[in-house]
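See the structures that follow.
Two complexes, one shared chain (chain A), two partners (chain B, chain C).
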Partner chain A sequence: MNTPSVLWQKNPALAWREIDEATVIISPNDSVMHELNDTGSFLWKNIDGHRSATDLASLLADSYEVTSDVALADTQSLLEEMFSRKLLMPVPATDGESR
Partner chain B sequence: MTTTATGPTPVMDRLIARTVHKRRPLSVHFDLTYRCNERCVHCYLDHDDHGELTTAECIAVMEDLARAGTLFLTFSGGEIFLRPDLFEILAAARRLHFDISLKTNALLVTKERVARLREFGVRRVQISVYSDIPEVHDAITKVSGSLGRTLAAIPLLLEQDLQVKLACPLMKENLLAYRGVMALAEKLGIPYVLDLTITPMMDGSAGPLAHRASVSSLLPVLHDSALHGCKPQPNAGVDGAVERSLASLGSTVSSGIESSAYEDLPCSAGHNSCYISPYGDVFPCVQLPQAAGNVRRERFSDIWYHAPELERLRGIRESHLPVCSRCEIRSYCERCPGLALMEGGDLLGAYERACELAEQKARLAGVFNPVSALHKGRTAAASYATSGGEIASLVADSSPN
Partner chain C sequence: MNAPDANSGGARKQQFELSIGCVPFRLQMSDRQLFRAAASRYAAFAEAAAQPIHITLNGYSKSESQPAEFNYEFEGAALRASSRETRFDGVRNEYALDSLLRVLLSWKLATRHGFLLHAATVVRAGKAYVFTGRSGAGKSTVASLSPAGTVLTDEISLLRFENSEWRAYGTPFWGEFRAAGSNTSAPVRGLFRIVQAAENRLTTLRPVVMLRALLPNVLFFSPEFEANRRLLDILGHAVDSISGYQLAFRKDTAFWEVLPE
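Up next, the complex of A and B:
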């Protein structure tokens, strides 16, 4: 699932707010609260349904002065974790589009 | 990334600490209307429409709240389902990613409406139930058949996986009914709160207080072993996300603050929570009716960050309270600054009801002869007056003729 080219979107059922560099997310179904740190918040803010892990890693590398490899590894790890917690979902592929 | 069940947890504590420190309005109680289809005898609102915010105005306020950092948004009233635009407002709240809670009497809840609540991400619904006995409940609401209709809504909400909580304000009329409400909640598998707070009207008139149960009549409730394991639940602002860990418990109070993040603050009002009336007035709390501004004249954020009323409130510390800070039984007290103002006339002061309840709770906890600072002060003053009188009398007696 977490291939670098998959586009990601936020789970639309979630309540969330970025408050002073940290992001708090609540899953309404189970009332579980998740807290993202600075890097997680950065990614969260940029997950818009149009970006892949590669795109997000590139933004991360530019903003946090880390190498592309490190940024991609961190990004994929965080995306995987957020996906496993149902905070994210992949954007369904449209007909004829390859990712 | 940190994950935790919502409740008085490290994540919530950090969130509270951060929002208090940075003065972010984390939690907002937004009354959409004061109109109501019940006429509860103890209600602190009038039921007229003096010019409610329009749909567009409500949405503009919510956009401002989202920008300011509000996460927990509670819609209440009045009866919110009397707003024909309720679902438009909820749709906007969903779009703005709020954690949404509702307070309702549930008379107008239908299967179709519940499906829409679910669609718009409503997480919790609090329903007022005064008794499991129809005659008692309906006598309080003044609507015949209201208990049956209210209870019929609960399975509809639960079927859609919405969290439901029963709220039972206790007053003279239903004082002995709380056990029935507890049993009802337990049977339904939902949390409940017993609320001992009956407040004056928002305009300060004392009408509802005639229904308030005396502290002595509340003793059986305070002594009820079924409630002893229960802890106070955090304030209305933040409790939008605290129920899960307390799901099997009830509480005899609803205004306590558990989080250590509040430290020396009297409560969350004005620090990270506030109340907005249907007319756009912004108050620190629904129980502290000192308007800081109106969203029709100013942006919410301008009121929140710059209103002198809120600045003054934020400067108050528990340790500064002239009477309560030296009270030996303060830890048993559920003092509310708003009630201190409305009932005692002093935002910083002690008031009779809180002191009486604190003494009873302290006694229940095994404190020998607990006396609040307010009552100690009165006793000392009375003693001084009495002894002063005796001296005067002796002086008079010994005066030469």
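Up next, the complex of A and C:
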């Protein structure tokens, strides 16, 4: 699932906002609250349905002055965690899409 | 408040009006026993106001086909709110009425920048101290250990942002304290997550930590996304603008000495 070329989107069923410099997300169905750390918040803000792990890692590397390899590893790890918590979902592939 | 209403061919209907946290309701029902119980339970909150939310109990509906904006069912009783009317059906006693009224109020507050919270509220020196915690945390204990203050509620507090300040209101939804609640309000001095302990101790909480403490204690029943997004905005604003603390307290009145003035 978490291949670098998959495009990611936020789970549209979730409500979220920034509080105290952290991103707080709640799931209306179970009122579970999720908190994202600094890097997670950065990724969350940039997940828009048009970016892959590679794209996000590139933004992360530019903003946090880390190497591309470290940024990609961190990004994939965080995306995997957010996916497992059902905060994210992959954008369905369309016919003929090359990504 | 207990004005008889028109006899529309069936049993004679009675109605009364009440206001909780400045949210006005008009309850209409034909069950005389239920009416008496409800009128007694909500006596301290009886108040007529302009444009109340009209609730029909166990009555005939003129708009059966109206799409509901909000539905909720609880132990055989059902709440159905549409743009034209709000109905409580299957209400057999005051407890079912009380439950549906809480649910409806929590939903209505989301559009009035407010929320209901499992919390005891005590007013001292004109300021509201809001003590939140789950069942058994000590809300009623804190209320009973506040002889110098006015207990607005020992179970469910109502918080609203109005005129540039957060205010706590009393509600008629009580717990073990068995007071009927006080129909007054005061500006909020602080939110306190309560924990029973051997010594009294006050610790400041960051807004995000306070939010985590509040969420399990907020009464909200809508699974709808927009309503929840609105609620999160309201709660986020509350924890950003109200001082939050953890209060470890011993079961005597001395805990008031560690609270901020």
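Assume the second predicted complex is superposed on the first by the 98 of 99 C-alpha atoms of A that agree within 3 Å, B and C clash if a C-alpha of one lies under 4 Å from a C-alpha of the other, contacts with A are read in each partner's own complex, and residues count from 1 in each chain.
The criterion applied here is as follows: contacts are C-beta pairs under 8 Å (C-beta built on N, C-alpha and C of every residue); 3 or more make two chains touch, one makes a residue touch a chain.
Remember, it's a predicted structure, so these values are computed and weren't measured experimentally.
Once the complexes are laid over each other on chain A, chain B and chain C cannot both fit and instead clash.
Of the two partners, chain B and chain C, it is B that touches more residues of chain A. By the touch criterion defined above, A:E65 reaches neither chain B nor chain C. Look at A:P28: by the touch rule set out above, it reaches both chain B and chain C. Applying the stated contact rule after C-alpha superposition, one finds that A:W16 touches each of chain B and chain C. Once the two complexes are overlaid on the shared chain, A:N37 sits against chain B while remaining clear of chain C. In the superposed model, A:R85 lies in contact with chain B only, and not with chain C. Where the contact sets of chain A with chain B and with chain C meet, they give residues 13, 15-17, 19-20, 22, 24, 26, 28-29, 31, 33, 35. Considering their complex, residues 12-13, 15-17, 19-20, 22, 24, 26, 28-29, 31, 33, 35 of chain A touch chain C.
Of all residues in chain A, only 13-17, 19-20, 22, 24, 26, 28-29, 31-37, 40, 78, 81-82, 85 touch chain B in the complex they form. If you check the complex, the residues on chain C that touch chain A are 206-208, 211-212, 215-216, 218, 220, 222-225, 227-229, 231-233, 236, 239-240.
Chain B meets chain A in the complex at residues 1-6, 9, 11-12, 14-15, 18-19, 22, 24, 26, 66, 69-71, 97-100, 121-123, 161, 163, 241, 243-244.
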